[in-house]
Structures are given as C-alpha cells and as structure tokens.
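Each of the two complexes below includes chain A, the first together with chain B, the second together with chain C.
And then the complex of A and B:
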C-alpha cells in the first residue's frame, strides 16, 4: 500500500472508528451507572471509582453494552460455535443471507423487466410509475406480516415469503435506475442507430442495454442493502425461528441487549459485505466494458 | 462533352416548418438543389440557416413539410432503409464501451455482415482514415481528431455512396482541422463518394468543395450556389492563391447579402 493512499483512506476511517468507540464507552458508563448505583446500594457495596466504572461495563443485561462486551459476544457466537448451532451468528447470518440473495435476484429481475416495459410501452410509462412510487410509501413493517400470514394461509412458508419482502423493497431502486439507464443514450447515439435503419431490438441490445449498465450497478448497491432490511423485517413476524431478525426479536424478548447489539453488528457486516461484492462486480464489468481506470 | 453524372440528391421547393410553442419556425423554405454523383457540396451559413436541417432531411432524421426531395431516386425514408448514406455527426458519437474496431463494426453487425467480412472492412476503413493499429483502443484513449476519424471510418464501413457530414471538424483546433481536411480530400478522391458537408468555416468550404451552397436564416434558404474553379488536386498551399481567395470572397459576399436586411 502506498503511504499516501494509507493516510488518505485508512486514517480517516480509523479516526472516526476510535471516536465512535470512545463515545460509546462514555455512553455505556452513563446509561448503566444508575442501575449499578442502585445495585451497590442494595448490596451495601462500596467501590472505588475505577471498580465502579468497570462494573458498569460488565453487567449481564446492560442498558447499553460496552463495545468489548459486544465484541466478545460477536466473537464467541461467530467463531466458537458450530455453524449449525442455533446460537451461531454464522447460522443466522446464512439464513438471512439466503433470503436476501433470493429476494435481491427476483427484485433485480422484476425491476429490469418493469424498466424495459416503461421505456418501450407508452401506456406503461404513463400508468405504472405512480403505482410503483405509491408501493414504496407503504411502510414495510405494515405489509410484511400480511405477506407472511397470507402466504402461510396458502401453505407457503420458509424462504419464499421472506424473499418476497426483499423483492418488494429491492425492485424499486432497480426499476427507477434502469428507466434512467435505458433512456441515457444521447440523441446523437440514437440518431446513429436510425441512420443504420436498426431495428428496435438492435437498438435495445447494442445501445440501451450497454448504456444502462453503470445505472444498473448503482441501483443494485441500493437494492441489495434494501433486500437485507427486507429479509430481517420478514424474519420478525415468522415466529422468530432463525435469522438475524429473529435474533434481534429474541434478544428483545429476553432483554439480552448484548445479543441484540451483536446481531445488529452482524447485520451491518453482512450489508457492508454484500454492497462491497456488488461494487467489485461493478468494477470488473466496467473494466471489461472499456471503463477508464479511475 | 462529358455526360452529366446521375443525380444523388434532388430537392425541389423543399420546405420544413417546425411547430413550436412560439408559433411556426421556418427552418427551410423553397430550397432547390441538385447534388450529382461525385460532387463535394458544402453548405455554409450562420447558425439557424437550416444547413444541418437540410442534411437531416436528406438522412430522413427530419421530415420535410413542403416540396419534394429524392435521394438516389428514392424518398429519404426508402434511401435510409436501403442504407444509401453514411452520416458523420458533429460529435464522434462513438460508443464508449466498444473499442475503435468494434465501433466501426457496429453498422456491419446491424446490417448482418459475417465476422470475416467485418474484419476485412474494419481493416480497410481504418486504413482509409489512417487509424491502422488503433483498432483495439477505446475511444477515450484517442484524441478528439482521431475519434472523429474513427467515426468517419464507421460511416465508410458499409460502402454507402453518399457521405453526409455535419460540421465534423467543428470542435477541433485549426491545425488538426487543416490536417483532416487534406485527408478528407484524399479519401474523397480514392473512394469517389458523393459528399454533403455542413460547415461554418469559409476556408474549409472553399478548400474542400466542388460546389458551395451559401444559406441564410429566417427562413432558412439558399442565397447562392458557387461552382468551384479549383482543380481536383488541392495542396494546402492552394489556399493562398488568388483563385482561392476570389471564391472565398464570393462566399463571404453571399453570406453578407443574406444578412444585410436584418441589421
């Protein structure tokens, strides 16, 4: 790594990280102190300031767990458990990941299909867009339980209902991005096709599709993050069987705040990983399409 | 006496009126013009004189609202559908995700040429515009002048007899432009194409053309058609000869005449 790229990219991120952890520790002390004070008074314990601070960071069910408590929980449940165990975060992440990817794939395909329709059929252009926008104004938390319940009533359970919620959230950015992408060719590029007497299909495959690829990847980055949110929300009303969402819900039921935070962080890591993967694929595709190296 | 070559573009009382929010705009009015096979015809005039519009009507990118026009004896639409012309735009309009040779291959793919035929034509046309060896480059790796040459190669690739060029060198600096003008004349001599060339540069029009069509705006119309007396062989130095300056003077007079009543 070159020294300047290190100072320019890693140092700022690390600085913010250290800042967040510091604020977190202070907040953990402030939020856990009243309960600890109460506990000490009932048990007639007197402790030095340092002892008191360390006790606020070691409660089994703290209001706000300290970073090292979350880190320890995260480490244990990720690396020290068999991946098939119900307590393993890897297991839960895998469950969430599979419905995220399934929903994302369906959502992306649906979004592309809708965009192609909107760009090529005038009637769809006028009629579909308001409905698509309206669909996204409905809170997903309101619609997710209905999807799960209705599908369960017709004996569809498991991966598909959760994936459908991810689909519902992820088709939108792809549809909007692809409409823009498929319409991105300049007039001069379209005129060129006309001078060749190119068919609509030729113009589509040789001009509109390649021109839309950068738009597709930008919207896919948004869509995969939305898919993950959809999958997690979809896990909440399923009776919390498995997945990051169920881990969050179970933690809330039993006041296992450390578990909640660990699951939250596992979810964010998963999101970051997925967005990064889409970004890497985008860069590979861009290079193969003659993109100018940045 | 030589036989009159066949007509390639023939316009009679051609007019085009755009309906806009501010009322009708007469982009072209009463244009009569005959372009014959092998001609190099330049269209010159201030912006808004309809020179680009006229080219676009020939190419069936706009439809005339009055009069008649034939291209190779057909309507512009039939001519476009039978791929009778190659069009070079103001900007190169190369597709950035295609290499130069793939860009040249684009019309060939659309017209259904075989891979072997495509390769042969790519090599031949890139050679015509002096871009041999640049086929594997992407457009952004080439200078503006080279990009425009690549777009000329693309227009030549499918052997249309008529080349329509809309200010192809307008965005380039004068040194590059001189160079490309000389190359274009050589190319015209080698390929014996008919060229319609839109420009706003008097020296460019005089240097290149066998005929110069002077146009004026509001409504867009032809004010003068000047037959060039220059020989077909034209070194760049010809631009300092009295004969050249005489033609340039006449073009300038024509442009001024079209403008005089507006001031």
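And then the complex of A and C:
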C-alpha cells in the first residue's frame, strides 16, 4: 500500500459515508417530526427539544427509521435469533442466496453455450444476436410474478421458478461478454494457430477459451448482481413465505419500515459479498493462468 | 461431403416429410375436422425440395428464395389446418412442422452467406434474418401450444394474445399512459439529468469524485428495486412514487458512466486545449463532453430498460387501479393469462422502441466516433 493511498482513497469515501449518515439522521427527524408532534398534542405531553428529537428516533413504525434503529434490528435478527427461526435474516438471506446461486449457475452455463454457438455458427450469429439484445429491452422482471404463479399452477414450486428468473437475467451479460471474449484473439494469433495446423477444437480450447476468461469474469460480476435482483423480485408473489423479497413485501403490508430497511441492507450486504467472491475467484484464476498484475 | 454439408437441412427435411407421409393423417383419429388439403402441403414441400436439389450450385440468393417459399407455404397450410383440431394433432403434424422449420433454417444460413455490396441491401438483410427467426419462434409456439393442446393458463398461443391486444386497446392505452408517460418518462429524465449534474460536480471536485465513485460502483450492484415499497409509503400510490423509484434506479448508472466518460479525453487533446488558454468549462464543453458521449449514451441505454422495470415492479406494491404493473398482478390473480401476455408484449414493444430511439439519437450525435463510422 502506498503511503498516500489512505488519504487518497479511504478518507473521501469515509467522509461521504459520514455525510450520508448525517443527512439520514436529519431526514429521519424531519420526516418523523409531524407524526410525533401530532402524538404529543393528543397525549398532552410537552417535551424539551432534546426529548422530542430522541422520540422521533425511537418510533416503532417511523416514516424513515434512524440508522441506529435499522442497525439494531439488523443485529437482533442476524445474531440473536436461531438461524432456523423464520424471523432470522440469516434464514431469509439463505433462501434468497440458494435460488440466486442456482439461477446464476444455470444462466452462466446457458450464456456460455449461446456464445459458443454464436461464435461458431454464422446463421446463429445473424439471427440470434439481435433477439438476445431485444430480449433485454423487455422488462423481464415484470413477467416474474406470472412465471411463478403459472409454474405453481402446474405444481412446480420452491426453488426452481425463482432460479429460472435469475437465469433469464444472468444469461445475457454472460452471453454478450463471452461472444466478445471468444472473438478477442487477434487475426495474427488465429493465423499462428493455422500455421500449427490446429483443428477448430484445438483453436477453441487453446486460444479462444483462455482469451475469453477475463471477459467471462467481468460479465459474471454483473450477472450475479442481476440474478440476486431476479431472486428477490421472484419472491414477491410467493405469498410472502421466505426470502429477502418476501420480507420486503411483508414489511410493506404491515408498515414495518424498520424491517424493510433491515431487509434492504441485508440484500445489499449479500450483493456486495457475492460480487466480492466472484472478484476473488477471478483473481485466483487469473493468477493460476499466469496473469501478471498490470 | 461439401454438398452434404451445404444441403443437410433440406435433406433432413425431406426425410422427415417422407416419414410423416407414411404416418398420415395429420390428425389423431376422431378429430373433429379431418384435414383434406394437407396432402397438397405435403406435395408442395416435396416439390420445393426437388427444385432445390436440382438448383444445387446456384447462388445463395436463389437458394434462399426457394427455401423460403418451401418453408413458409407448408407452414401456413399446417397452421390453418389447426382450426378446430386443438390438441388433436398426430406425430405426423409435428414432423411436418419440424421439416418446414429446417427449411427455414436453411433459408437463414443461405441468407447469412450473402455479402451484398450496397448498404441498403445489407441493412435489409440485417433486418430480414432476425425477422425470419422471430416469425419462426411464433410459428413453433403456435403449432406446439395448439397442436399439442397445452393448457391455456400455462402458455396461450400467440394468436390468442394478438386477439386480446386488438380487443382491449383502450385498457392497454390507459395503462401505458399511467406507467410510461407519467412515471417512466418523468423519472428517466430527472434521474439521468441529476446523475449527469452530480457527475459534473464530481469531476470538478476531485475529493467528491474519490468519495462518490467507489460508493456509486457498489450501489449499482445492489438490488435497488427493493426501495420500491419505501417509496410507495412516502409518495403515495400514484405515479409519483414510481417516478421516485425510477429516479433512484437511473441515477447511479448515469453518474458512474459519465465520470468514466469524462476521463477518456487524451492528454494530447487536453494539452492542446491548455495551449489555447481555454478554461475548465471551455475544455469540458468542447473536448471532454463530446469524448464522453459514447459512455453517456451507454448509460442512457441501460437506463431505458431499468426505468421500465422500476416503474412496473414498483406498481406491484400498490397503485391506483390503472397501470401496467397493476394490470399484470391483478390479471394473473384472475388467471387471465392472455391479458398478462398482451401487457408484456406491449411492454416489450415500448422497451424496444425506447432503446431504439436512444440508439438512433446516439447515431445522429456521435456519428464521428470510430465505433459508428463503420467500415
């Protein structure tokens, strides 16, 4: 680590984060104050300014919960409850995580398969590629509830329907990235393979696949974030059974704002974790293939 | 061998036709409307195949034309034979459909080989090939759902969806007005504009940039769609809450992309601007913003899809009784699957048009960029 990298990198980020938290507190006070004032007037309570502020930060169902309320809820539901309890956020995160990973795996495989087909078959390239791009202009998340309900009507429930939505969302970045990656070897390198009298399969395994690995991991980072979104939205119509999405929906129904924010942050932590894991795997693979830090 | 490779689709198609001819009729025993004209379709298919095999080493265009006719006339006759026979088709029918599909595939492979000189013909081909592919998805969808009698709730045939769209244009139009013209457009414009403004600020002050960009990068991986219930709580059921979701979703891609784009202008060009004694704003407007255009348009394209998703999903959390997301979630509850598919088709159409408009504007404004000059 360079000596000035601390002041160059960490200090600005921390400053902005502290600023966000400060704005959050002020906003929490401003948004909760009208209701609290109303409450005080009805209860004939007069309180000092400090008492009033602390009361706006401690409502059970605030318009905007204060950061410490969310943190407390998050802590209670993560560490203090048994993991199997359905109030535990770990349990809900696990449900979402399993369908995310299942969908991500299927989506990545599908994307790679499509990319290989597009690179090798000219008719597929011309006919399929425009539709793949068009497929993403469809707001697919809008179909998510229907896919779930329809599949439930034919007795397919549980993990698979949610995973299918994640698959649809995650195959696209992988397919596009892999097409780019498999085509990234330059003409001169392909010519070299030809002078070696390499077959199409050899060119594929020894040149195209290694060249596409960096592209694959870049698009996998996008894909895993997308499949998490798919899994969360896929959980909305399942009647609030389990998962981060159902936690959001239940919170919305019962106005449990603190729960919503806690679920939101749990989802964000999950997303950051998944992207980081993919990044670490990418670095390990890159190093084992002989890549040097640029 | 080369001949076999070039003709494998027609050859396989003729084999399938022969097999299905041995298994006639096309309907299962006891179908309400036994098919007479199907023998004609059979003959036409066989005749087309013969013509192709004699044409052999003609040009791609002629072969493609013959294959096109050979694929689509039988397909049309087969589909028209479906009327009244839903769920009563025999294996022979599906073999015939497969055979025509193989011929269509042959058409596409022949078309993909053509390298026309004029740019008009090239762009026509670029539209025609995916169009054939799309039409065949619809044909196979129609043939399978109606031929095999797949339950309507599971997957309605495209013809029923088309009829539903034609029959409920007024409802669809009201939904589009509520969701697209109010929530999406407002949110998209405000979200993109504010992302752009903050990006300029972040560019002006390096401290802000160092603090905001890592956060922005992280946020763009988060499931932002989750703020939808909170926004509905804050801004009410009407379109304002959906616009708020769209603003939040489109803000960060715009911010991150614009900041990345502003960094692309080279040192040489910046030095030139400095030697002209131009100040920060002159450099920004005359050099760095034009250089950032491809990145900004990239963000605009990403956001065009995100905006639609944001608005529709936010409607699942509560709406007035109009809007695309509302319609989808209520009609699915009443098992009116064709209405849901109609709504999805409209959403897909609007999404594609939205994306296409942004792409066209990009062509018009960044025509000088290497990726658009073409070769």
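As a working rule, the second predicted complex is superposed on the first by the 283 of 294 C-alpha atoms of A that agree within 3 Å, B and C clash if a C-alpha of one lies under 4 Å from a C-alpha of the other, contacts with A are read in each partner's own complex, and residues count from 1 in each chain.
Keep this in mind: a contact is a pair of C-beta atoms (placed from the backbone, for glycine too) under 8 Å apart; a residue touches a chain by one contact, two chains touch by 3 or more.
None of the values given here were measured: they were computed from a predicted structure.
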With both complexes superposed on chain A, which partner does A:26 reach: first (chain B), second (chain C), both or neither? neither
Touch check for A:45: first (chain B), second (chain C), both, or neither? neither
In the overlaid three-chain picture, which partner chain does A:248 touch, first (chain B) or second (chain C), both, or neither? second
Between chain B (first) and chain C (second), which does A:80 come into contact with in this model arrangement: first, second, both, or neither? neither
Looking at the overlay, what does A:289 touch: chain B (first), chain C (second), both, or neither? first
Check the residue A:210 against both partner chains and state whether it touches chain B (first), chain C (second), both, or neither. first
Tell me the contact category for A:189 with respect to chain B and chain C: first, second, both or neither. first
In the three-chain superposition, say which chain, chain B or chain C, touches more residues of chain A. C
Of all residues in chain A, those that touch chain C in their complex: 8-9, 12-17, 31, 63-64, 122-123, 125-131, 134, 136-143, 145-146, 149-150, 153-154, 221, 225, 228-229, 232-233, 236-237, 244, 248-249, 251-252, 255, 257, 260-261, 263-264, 267-268, 271-272, 275
Where on chain A does chain B make contact in their complex? 186, 188-189, 191-198, 202, 206-207, 210-211, 213, 289-290, 292
Parts of chain C lying in touch with chain A, wherever the complex brings them together: 105, 108-109, 111-113, 126, 129-130, 132-134, 151, 153-155, 207-212, 214-215, 218, 221-223, 225-227, 229-230, 232-234, 304-305, 308-309, 312-313, 316-318, 324-325, 328-329, 332-333, 335, 337, 340, 343-344, 347-348, 351-352, 354-355
Would you mind writing out the residues of chain B in touch with chain A in their complex? 59-61, 80-81, 83, 85-87, 89-91, 93, 95-99, 106-107, 109-111, 138-140
